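So, here's a batch of structures to check.
In the two complexes below, subunit A is the common chain; its partner is subunit B in one and subunit C in the other.
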Partner chain A sequence: MYAVELENISKTFSGGVQANRNITLRIKKGEVHGLLGENGAGKSTLMNVLYGLLQSDDGRIIVNGSEVRFNSPHDAIAQKIGMVHQHFKLIPTLTVAENVVLGMEPKSSKPTKSGLGTIVLLSAFSIILMGLFLPVEQALLGALILLLSVVILYHIFRMTNPSERLGLNRLGRLGFVLEQIGSIIATLSQNLMPIGYGDAIEKIKHIAEENGLDIDPMAKVEDISVGLQQRVEIIKTLYREADILILDEPTSVLTPQEVDELFVTLERFREAGKTIILITHKLREPMALCDRISVLRDGELVGTVEKAGTSPEELAQMMVGRLVVFRVEKTPAAPSDVVLDVKNLEVLDNRNLLTVKGISIQVRSGEILGIAGVQGNGQTELVEAIVGLRKLKSGSVRIAGDDITGASPRKVRAVGVSHIPEDRQKRGLVLGFTVEENLALGQQYLAPYAKGPLTLFLDLESIQNISQETIDNHSIKVLSSKSLASTLSGGNQQKVIVARELGTKPRLLIAAQPTRGLDVGATEFIHKELISMRDAGVAILLVSAELDEIQTLSDRIAVIFDGKIMAIRNPAETTPNELGLLMAGHESNLEEVSA
Partner chain B sequence: MQEADISILLIGILLKTTLQMATPLILTALGGMYSEKSGVVNIGLEGMMLMGAFAAVWATFLTGNPWIGLVAAALAGGLLASTHAIVSVKFKGNQIVSGTGIILFALGFTTLMLDAVWGVAGDTPEVTPLPKVQLPFLADIPIIGIVFSQLSPIIYLMFVLSILSWFVMYKTPFGLRLRAAGEDPSTLDTAGVNVEWVRFIGVVLSGCLAGLGGAYLSIGFTTRFRKGMTGGRGFVSLAALIFGNWAPLGVFLAGLLFGFLNGLPNIIQVLAQYNSDLAFLMNYIDLIAMIPFILVVIALAGIRKSRPPKGIGVPYEKEAAG
Partner chain C sequence: MTEFPSTGEGTSEQGTAKGGESNPVGYLSGAPQAIIAKLTDSRFQKQVIWTIASIILALLVSAVIMTMAGYDAGRAFAYLLVGALREPGRVLQFATPLILTGLAVALAFKCGLFNIGAEGQLYIGSMAAAVVGFTISWPYLAHPILCLFVAAICGGIYGLIPGLLLAYRGAHEVVTTMMLSYAAIALTTWLVGPNGFWMDTAGSELIPQTPLLQDTAILPTIGGPYLHWGIFVAILAVFVVDYLINRTVLGYEMRAVGLNRDAAEYAGINSKKNVALTLTFSGALAGLAGGGEIMGTYNRFIHRWSPGLGWDGITVAVLGGNNPWGVLGGAIFFAALRVGGNAMQMDAHVPIEMVSVIQGLIVLFVAAPRAIMWMQNRGVEYVEWVKSEEKLPLDHLFGIISSLVGVFISFGLVSASTGNLLLSVSLLLVGVVAIAAFAIFLAKRRYILPIFTILSIAWLLTALVSFFTGILLVTVIAGVMGLLSITDLLLLRRRYQDRNIVKEAES
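Right, the complex of A and B next:
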C-alpha cells in the first residue's frame, strides 16, 4: 500500500530551468523514505509539488490510492500532508501559538472579553445614532433588526456549517441562494470572530506532551532557538493532523545533539504509523534513519534502494554520478608568524545587541583556523568586524603587526586580507554585473585593472584578458567573460569569488561558509584551493556551519557559542560529540579559553 | 472668573479643533494600515481620499441624503483601491507607480466631473451635510461639553473604527492572516491561505477607509467639494501611519498629534481674538501653518524604532526556482 505515488512529474521554471524530469516515486505507508541528492538536484521542487506550493507541468499525484490535484498547500493539508521547510515558514514577530494556528484558526468556544466588548460598543454606537436621527418607530425597528442580527451572528458563531444546520438545501433554488448568503456570512464570521487562543494553546500543549516536543506556546518565535523553531514547525504539521510528513534538510541548522533528538522524534512518528519523507544531501542521515532511499540527480530519479542493500559509497556515487573521494589530501601544517591577531573584540549586531562578546584569536601563516558553531552565534559579526564592514565596539585587530582596528574595507584589503563572504549573492557578487566586472571589483582602482593619470580609467582590455585567464585557470563554466554573474550556477558563482579573492595574493584569507549550497564537485575544488593556499603560507580563517568541513580542513578548531570562543581543539584529538556539546554551550573545564 | 471661563473655552476649542483635524487623518491612516500591514504600499491614499470626498458630494447631490453620500464615499474609495489591488497584487506591478497613478487619476477625474456634473471649475454648490450630533448628556460637563458639541457623526465613526481595527487586527483570524501576509507571504501560503486574496481585501479596505476620510472633508466638516480639497492630507496620513508604527493605537495617537499641528493656525486665530497681546501672531500665520510639516519631517527622521512589515512593497511570487 502506497501513501504517496508521484507519477511522471516534470517541472520547468519560467527561467527555463528544468528542475524535475519525468520523476516517478512511490512511497510506502508508514516508511521513512530518504530523498537524497545534491543541491539543485530537484528534491525540494519535487516535494513542493507534492505539498501544492508548486504545480507540476506534467504527471499525476496519487495519495492513499486516489488521484488528487493540488492547487495550493490548502489542498495538500486537507489530504493530511505536512511539510517542514528548510527555511522555516515562521513569522518571527508572532508567538508560537499564533504561528501554529495561522491558516487554521480555531474559533473560541466561549465569547472572549474583547469580542463582547466590540459587540457592545458597536451596538451602543448604532443605537445612539439611530436614536438621534430616526423617528421613534424606525429607531425601534432598527434596534430590533440589530438585536436579531446579533443573535443570528451569535448562533453562527457556534455552528460549524450554517446551511447544514438550517436545512436550507431542501428549499430548492431559494435554498441555494440562502445557502450562498449563509456561506458568505459564515466566511465573514469565521474570519472576524475572535481566535480561541485558549483552546489552541491546550491543543498545542497536548501535542507537545504526546510527542515529547516541549515548547512554550506563548513565547515569541524570534526569541527561541533554531532547534525550538524547528519543533514549532513540526507541531504545526501535527496540529493540522498530518499523516505524511515531509522534512526538507531538517538537520542543516541543528547541533549534533539536536539532530539526535530530532531522530528520536521521527522514530516515534514512524512507530505511530506516520509516513515520513526526509530530504537531505548528507549521507549519514538516510543511512541512520530511512527504510528506503531515492536518489535524484539533475532533476532525474537515479534509483530507489533499500537501506539494507546499500552503502554510503554507493549512494554518493549515485548522487554525483562518479566515484567520490571523501578525504581531502592534506599534509601537516607548518605554521609560522602570527598574521591575524584579534584581541578582546566586541561587536554589536544590527539590533544593537552585543553579539561578539570579547573574542581573542590568532591565526598564523600556513595554518587554517576553523570556527565551528551553530549559525547566529556571532560568526557573521566577527568576520564583518575584521574585514571592516561593521563597526566594532571595542578591541583591536592587527594584520602582521599593522593595526587595522576600525579601518575601511579598502584599507583592510590593502594590507593583504581577502574575504569570501558568507552570502555570495548579496556581498560577494554584483549579480547584474558581468563576470569580468565582478573579477575586477575591489582592485578596480589599481593597475592593471585601471590606467591613465591617477589610474582614473578602467583598462577594459586588460580586465578582459586577466578575466579570461582566470576563467580558464579555475575552469569556471561560463559562456563568455561578458556573461552576467546572475546567469552562473551557484558553484560557478562561488568559483568566481574564490578566484578573485585568491588572485590578490593575500596574507590572510577569511572564508565564511565557502561551500554552502555547493555540489560535491565544487566543494572538492574549493577545499583543494584552500589547502594549497595554506601550503603556500597564507593564514586562513575558516567559518563554517558544516562540522565535517571544519574537521577535515582545520589545523585548529575554535568553537564559538553566544559570541564567545568556548574552546580551541586539535581536530585529531576531538570528536564530533565533544564539538557538538561545546557548540551547544556546555562549558568544558579542560582547557584555557584563548589562543 | 471671566478669565477662567475663557481659558476653559479655549481649551475646549483647542481639543475640538484637534479632533476635527485629526479625524480624516486617522481614518485614512487606519486605511493605510490595512494595506501596508498586508504588504502593499499604498501612496494612493491621497487619491482615494479625494475620490471619497467627491463621491460623497455627488451622491448627496443626486439623492439629497448625505448618509447615502457617506456610503458612496466608502464604495468609491474601495473601487479606486481595487484597481491598485489588481495592478499591484494580481499583476505584481510596481506599487509606487500604481499609487501615483491613482493620485493623478483621482485628481483628473474629479476635476473633469466637476465640469461634467455642475459645469464649474472650482467649488461645487452646497449640499446637505451630515447632521451634527449633539449628545444630550454631555452638554453640561465643562470642557467635554464644548469638545463634543455639534460634532459630525463621522468623528464618532472614527472612534468606533479605531477600536474595531484594533480588534480585527489582533483578535481575529483575518487580522492574523493580514499581518502574516505583510511579514512573510510565503509562510502564509504554506499555511494554506490565499495570499493574493488577503492582500486584495486589505487594499480595498484601505480605500474604503480613505474614502470615509475624504467624505469627512466634504460633507462632514464642510458642505461642498472643492478641486483638490484633500491638500496633501493623504500624505500626512501616510506619515501618521509610519509615525504610529503601523498599529491601530499608534496610528490613532499620531493622527491626533498631526491633527493638532494641522489645526494650529485656526487655534492661533481664536487666541488672537481673545487676547490682543497675541494679535501680532496673525502676521505670521502662514509661517506657523508651515511649522507642523517641518515637525513631521523631523519626527519621521528622528523616529528610528518604527518597524515596517518585512514583506512590504514586494509582490509575492510563488514560482521561485530552488
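Right, the complex of A and C next:
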C-alpha cells in the first residue's frame, strides 16, 4: 500500500528552468523516505507540487489510492499532508498557539445564535436606512423583501444540519437552494465570532505531550530558539492531523543536540504509523533514519534504494554523478608572516550584551585557522567586528601591520580583506541585482569595473566580460549573466559570493559558514578553492559549525565558547570528542583529555 | 504554463546570443545594441504588455461606468483621442512637469525609497525660481539657467532634510516627506501673503502671488502659445536619470542600498550617505519641475498653483514601472488624457472628472498585475479543462457566459433605472455577484453552486422590484436571466452530485 504516488511529474518554471522531468516516485505507508539530491536537483520543487504550493505541468498525484488535484496547500492539508519548510513560515510576534492555529482558527462548527442576531440587526439597520432615503412604497417593498429573507434564513438556520448532504433536504430542490444560502450565512456568522483559543491550547498541549514535543503554547515565537520554532512547525502539521509529513532540510538550522532530538521525534512518528518524507542533501541523515532513499539529479530521478543495500559512497555518486572524494588532499601548511592580528577584542551584540569577551588570535599567511563552536558563541560578532560591520568596544585589529581598528568596511576591503558572509541572502547578495552586478559588488568603484574620471562610471562591458569568465570558471548554473540573483538556487548563489570574494586576490579571507546548505559537489569545489588560496599564500580565517569541515581544512583549530577562545589545537593531534567537549565549555575535562 | 512567457524567453535568448556574437565585431554600435538587448529582454516585454493590457482593461471598465451613468462611451473615447491628437503642444506642455516629478518619484523608488513629498519639493523649487526670476537681472539665456539651477538646489535641499532624518534618525521617509510637503505649501503661501516678503503689491487686488518674472527669466515658447523650453529640460533629465541609475557607480550604490542595505554595507557602501543623496536628487528633480512651470507657464509664483503635480508624479512613476523611459511615456499619456478630457467635456459632454477615474483605474490595474496574471493563467487552464472533458460541458460554459453577460446587462440597465434607488442598488448588486460568479467559474472553485444560486435569486428579486416600480424592460430581462440561471443551476447541481456519488463509489 502506497501513501503517496507521484506519477510522471514534470515542472518547468517560467524562466525556462526544468526543475522536474518525468519523475515517478512511490512512497510506502509508514516508511521514512529520504529524498536526496544536490542543490537545484528539484527536491523542493517536487515536494512543493505534492504540497499544492506549485502545480505540475504534467503527471498525476495519488494519495492513499485515489487521484487528487491540489490547487493550494489547503487541498493538500485536507488530504492529511503536512510540510515543514526549510525557512519556517511563522509570524514572530504571535504566540506559539496563535501560529499553530493560523489559517484554521477554531470556530464553533454550527451557525451560532449571535451570528444570526448580527444578521437580523444588520437587516433592521438597512430597513431604517431605506426608510430614510426611499419613497414610502419602495421602502415598504424593500423592507418586505428583507424581512422575508430574514424569516427564510431563520428557518434555514433551524433546519441546517451540517452532516446532511447536498440537496437531500426535506424541502427538495428549493431546500437545496436555501441550504446553499444557509451555508453562506453559517460561514459569515462563524467568521464574526471571536477566536476561542482555550480549546486550541488544550489540543496543542495534548499533541505536545503525546509526541514528546515539549513546548509552551503561550510563548512568543520570536523569543524561542530555532529548534523550538521547528517544533512549532511540526506541531502545526500535527494539529492539522497530518499523516504524511514532508520535512525540507530539517537539520540545516539545528545544533547537533537539536538534530538528535528531532531524530528521536521522527522515530516516534514512524512507530505511530506516520509516513515521513525527508528532503536533504546531507548523506548522514538518510543513512541514520530512512528506510528507503530516492536520489534526484538535475530534475530526474536517479533511483530509489533500500538503506540496507547502500552506502554513503554510493549515494554520493548517485547524487553527483561521479565519484566523490570526501577528504580534501592537502599538503602541510607553510605559514609565514602574520596577516591578521586581533588583540583583546571585546564586542557587544545587538542587545548590547558583551558577546566577544577579549579574544586574541593571529592568522598567518598560508594557513587556515578554523574557529569551531556552537552557533551563537560570538563567532558572528567577532567576524563582523573584524570587517568593520560592527563597532568594537575595545581591543585592536591589524592587517599586515595596518591598524584597521574601527575602520569602515570599505577601508577594510581596501587593505585586502575578503569576506564570505554567513548569511548569503541577507549580506552576501543583493537579490534584486543581476548576477553580474552582484559579481561587481564591493569593487564597483574600482577598475576594471569602473572607468572614467575618478572612476565615476560603470564599465558595463568589462563587468559583463569578467562576469562571463567567472561564471564559466566556477561553473555557476545560470541562464545568463543578466539573470537576477534571486532566480539562482542556494548553491549557485553561494558560488557567486565565493567567486567574487576569491576574485579580489585578498591577503586575508574570512569565510563564515562557506558551505552551509551546499551539496557534496559544491562543498568539494569550495574546499578545493580554499586550499588552493592557502597554498597561494592567503591567510584564511574559517568559521564553521560543521566540525568535519573545520577538521578537514584547518591547520590550527581555535575553539570558541561563550565569547572566549577555549583552546587552540592541532587537527592532527585532536579528536572530535575533545573538540566537542571544548565547544560545550568543559574546561575541566579538557585538562584530563589533553594530559 | 502559458504561451507568452515561454516565447518571450525564447526571443531574449536569441537576442543575447546574437549580442554575444557580434560583440567583438560591432564594437562601435554599443548604444543601439544596449537598446536592442533591452527590447528583447523578456522581463521588459512582459512589463510593457502588462501595462498595455492594464490600460485596455481600465478603458473597458470606465466604458461600463460611463454607460451606467448614461453617457455615450464610444463618443467620449473618440473625443478623448481627437482632443489629444489635435493639440500636441498642449499635451507636451502638460507632460513637462509630470515627466520631472515622475522621475523624482521613480528615482527614489529605484533606490528603495518612497518620496511621497514631491509636491512640497516642487513648491520650494518653484518659489526659489520665482524669487531669483524677479529680483535679479541677468542676461538672456544665463538667467533661466540660473533660475532652474537654484530651483533644483532648493528642491534638493528640501529633499535632503527627510534624507538626513531617515539616515541618521530613522524617521520613515513616507511620513517626513509627506508632512514636509504640507509645510512647504503653507510656507510658500505665507511668503507671498500679506505678511510675507515677496507679495506682489503692484496690482490693485492683493492676490497672494509674487510679481511677474523679469522677461529675461521666462522660458520662451516653441511653435505655439503653450509648449515651452522646459520640455527639453525634462527630456534631458530622462537621459541623465537613466544614465545615473544604470551606468554610474553612484547609481549602482544607491540601488544596492535600496535593494538590500545589509549587503550594501557589507560591500563597503555608505548607506546613510546614499539614502540622503537619493532623496536629494529626487527633490532636485521635483524642484526643477516646479521651476520650469513657473518660468514657462505661470510667469510668477501664485499660491497653491500646482494642481497636484507632485502627487501625479507618483501615478506616472507607477505607470512607467519606475523606468525613466517608462516615466516619459506615462507622463505623455496622462497629459494626453487631460487634454483629451477637455475636448471630451466640451464635445461629448462627459465630465472631465471621468479622466481621473480612468487614471485611477489604470494605476489600480498596473499596480495589481496579479489580477491580470490570474485571469491569464486561469483562462488558459479553463480552456484546457473544457478540451479535456469528454462531452462539452455545456452547463458550465453556459454558467460562465451568462454570468459574464450578466455583468454587462446589469451595469448597463442601471442607467435605465434612473431615479429609482432600490432598483439601481439591486442591479449593482447583481453586477457584483455576477463578477464574483464569473471569477469562481473560471477558477472552477467549489463555491460555484452557492454563488450561482445567489445570482439567480438576485436576478429574480430584481425582476420583482422592477415589476413593482413599473419598469417593464428590466422586469423582462432580469426575469429571463433569472429563469435561465435557475435551469442551468439544476443542471450544474446534477453534475456535482454525480461527481460526489462517483467519488463515494470509488472509496
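By our rule, the second predicted complex is superposed on the first by the 349 of 595 C-alpha atoms of A that agree within 3 Å, B and C clash if a C-alpha of one lies under 4 Å from a C-alpha of the other, contacts with A are read in each partner's own complex, and residues count from 1 in each chain.
Quick note on the criterion: a contact is a pair of C-beta atoms (placed from the backbone, for glycine too) under 8 Å apart; a residue touches a chain by one contact, two chains touch by 3 or more.
In this text, all values refer to a predicted model and were calculated from it rather than measured experimentally.
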### Task
Check the residue A:L141 against both partner chains and state whether it touches subunit B (first), subunit C (second), both, or neither.
second
Check your understanding: Looking at the overlay, does A:S72 come into contact with subunit B only (first), subunit C only (second), both, or neither?
Key -> first
Item to check | Touched partner set for A:M218, first subunit B, second subunit C, both or neither | outcome: neither
**Study point:** Touched partner set for A:F133, first subunit B, second subunit C, both or neither
**Key:** both
Check your understanding: Is A:L121 contacted by the first partner subunit B, the second partner subunit C, both or neither?
Key -> first
For this session: Go through the superposed model and pick first if A:I152 touches only subunit B, second if only subunit C, both, or neither.
Result: neither
After superposition on chain A, the subunit A residues reached by both subunit B and subunit C are 14-15, 133
The answer for subunit A against subunit B in the complex is residues 13-15, 17, 19, 40, 44-45, 51, 53-54, 72-74, 76-77, 83, 85, 89-94, 98, 101-105, 112, 114-115, 117-118, 121-122, 125, 128-129, 132-133, 190-195, 236
Subunit A residues touching subunit C in their complex are 12, 14-16, 57, 66, 130, 133-134, 137-138, 141-142, 145, 165-167, 173, 176-177, 180-181, 183-184, 387, 389, 408-414, 419, 421, 426-433, 437, 440-442, 444-445, 450, 455-458, 460-461, 479-480, 482
Listed in rising order, the residues of subunit C that touch subunit A in the complex are 1, 5-6, 9, 13, 16, 30, 34, 41, 246-253, 255-256, 259-260, 262-270, 420-422, 449-450, 453-454, 457, 461, 464-465, 468-469, 489-490, 493, 496-497, 500, 506-507
Listed in rising order, the residues of subunit B that touch subunit A in the complex are 131, 133-135, 153, 156-157, 160, 163-164, 167-168, 171-174, 176-177, 179-180, 183-184, 186-194, 318-319, 321-322
